[in-house]
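For reference, chains read A, B, C and D in written order, and residue numbers begin at 1 within each chain.
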């Protein structure tokens, strides 16, 4: 009898712990619902919209040493075609003999069309705290907005596009630095979160599509429009890696990998995020 | 010169729905820069929305309004094609006025 | 064209692009690493030598964190040998300081200074207390850790080893090697231990 | 008041230029700037805020509806909507209990405008958000808690 009652008590205690844990789990699902509601409330009135007009003006106004506009920049669909172009990048460009993402192509056009020195074009691409959005951020906002609703279609036809994908895949899984992190540490499994932020699993098409479709984005935590190159840069910062070089082949390779994984998704950028 | 606002004004059954986004830092005066110096407060202090020469909303803000402020409200008496004018003034004396046509 | 993507993994494939016919052979690991190396630069305390992988990092990357049994055994054994247990034999520090370490995510980024006190950032991946609703789920929930596992010597030793070098127990785990990689000091690890194992810690309330 | 004078001169210059292009008259701009209720925006508790807004007492009201998230993913942007069914509403104020200064924003609602506004505010930490309504020179208040969470990788 004594043994039995001790056992029963132990079971009761275990039951208590279980109840507490499940109450906490229920609370967590409420938390995620509320976070979803918060995100929903932000959807109307995305400050990224403030940048679109400025970006369009920068795109169309003759500037630089050659006093040329960017309108003749070929984003892959022919000179002057902006609509839908972002959704098909990165891709191989014969004139550059290189796979370029949008920001890389923008730098290329600033150099070749406007006569800007490359070193000047890639200097300070991201705005700091309290700073106005950079020209690259504004132009990117305008161009990506022109792909809203377009199908993501990052090509894998040219051997260099395939090589970019393969190198990007390698980098995605490459653990390094004092924390042993790789991109895949956070983005290689389903339904993972850091704190309350969902982490898209780039091994899964749907998650990859959703994530890729929403960059560039206005980040309310920073009060700034952030581009895909910034997204990659800040992931590596928190990965405790050295800093990726802006529009370097390695960053473009990684974006190619992510983009190909997201193929078939629908662009929904600029979005608004935490 | 501050960047333009983005104003949407839509005639609905129960009035004109106005949504405004403004481009402004809204510095709190509490943030420190990279060198540890306080960045002085810089924020929109007053907003006025007019329609047909009449004020339909005015606001007084402090630095706790979010960066790149947003506001939304509804007024009666406007119709499609009318103009809505929004003016803001900040604590450093900068100002900006933009107009939108009611859709 | 998509077919070639998969073919490419095994052997050079013929790619038809426009009217030209080209052969695709995937980049070698050496070529890939050269492109990656050229794509990063030193910034602040984060130098490019961080791209040089340890045996553990290279093996886990190669197998996408699912190493074959023999590799797993080798990595776990090597990791186990790195664990330094507390010199004074005391496992637990102050759980309040442990909570602060668990909440803090700075350290070892290029935006951190050489004297930045590193955090443990436990909440980024683990649930710990009922009070903190903002926690991640990459790692298991540690809420009620001591109630579930007790506070015996085995638990103390296991938990310390797990924090010091997680790969001693689970090769290619995603968790940083807080002791072995010098992210947290011995004293900080004691505080985190207290957060998990002190009966008065909010983790066990 | 040395600073005040310097500001006066700068403002005069800017508004003077504006007056020239006919956007705002200098007088109108000055009236706005001068009327900004500095004292109210420096208050630290509800009673002081109400006093600075010209009131003496405030009572709770069920006729104020607040639309706020229970949890904000980031304190830099917290959406807040306030709708008042208190008859004769002329002003709506948004206050945050635990911000360094309590008053975040005030709106004046002329006749013909719905006493229903939305905006976005900053919150330093988890706190009560208060909606204060002025109607017929009386003050009413409603309260809702918003939890502000820490997000991201924490670095």
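Here is the rule we use: contacts are C-beta pairs under 8 Å (C-beta built on N, C-alpha and C of every residue); 3 or more make two chains touch, one makes a residue touch a chain.
Here the structure is a predicted model, which is why all the values come from computation and not from measurement.
Between A-B and B-D, more C-beta contact pairs join the chains of B-D. Taking the mean of C-alpha positions as each chain's centre, the chain lying farthest from the centre of subunit B is C.
Taking each chain's centre as the average of its CA atoms, subunit A and subunit B sit 30 Å apart. Separating the centre of subunit B from that of subunit C, both taken as means of CA atoms, is a distance of 46 Å.
One finds 13 Å separating the Cα centroids of subunit B and subunit D. Subunit A and subunit C have centres, each the mean of its CA atoms, that are 23 Å apart. Annotation for subunit A: residues touching 2 or more other chains are 31, 45, 194-197, 220, 223, 237-238.
Touching of two or more other chains is recorded for residues 71, 76-77, 120, 149-151, 153-155 of subunit D. Across the assembly, subunit B contributes residues 66-67, 70, 72 that each touch 2 or more other chains.
Taken as a graph of touching chains, this assembly has some other topology, since it is neither a line, a ring, a star nor fully connected. Applying the touch definition to every pair of chains gives A-B, A-C, A-D, B-D, C-D. Those residues of subunit D lying in contact with subunit B across their complex are 7, 10-11, 13-15, 18, 23-24, 29, 32-33, 35-37, 41, 76-78, 96, 99-101, 103-110, 112-114, 116-122. Only residues 44-47, 49-50, 53-54, 129-130, 132, 220, 223 of subunit A touch subunit B when the two sit together in their complex.
Against subunit A, in their complex, subunit C makes its touches with residues 1-2, 4-5, 8, 15, 17, 22-24, 26-27, 29, 31-32, 35-36, 38-43, 46-48, 50-53, 56-57, 60-61, 64-65, 108-111, 123-125, 127, 130, 133-138, 141, 143-144, 147-148, 174, 176-177, 181-183.
Residues 31, 34-35, 37-39, 41-42, 45, 194-197, 220-223, 237-238, 274 of subunit A touch subunit D in their complex. On the subunit A side of its complex with subunit C, the touching residues are 17, 20-21, 24, 27-28, 31, 156-159, 162-163, 165-167, 170-171, 173-182, 184-186, 188-189, 191-197, 199, 236-238, 240-245, 248-251, 253.
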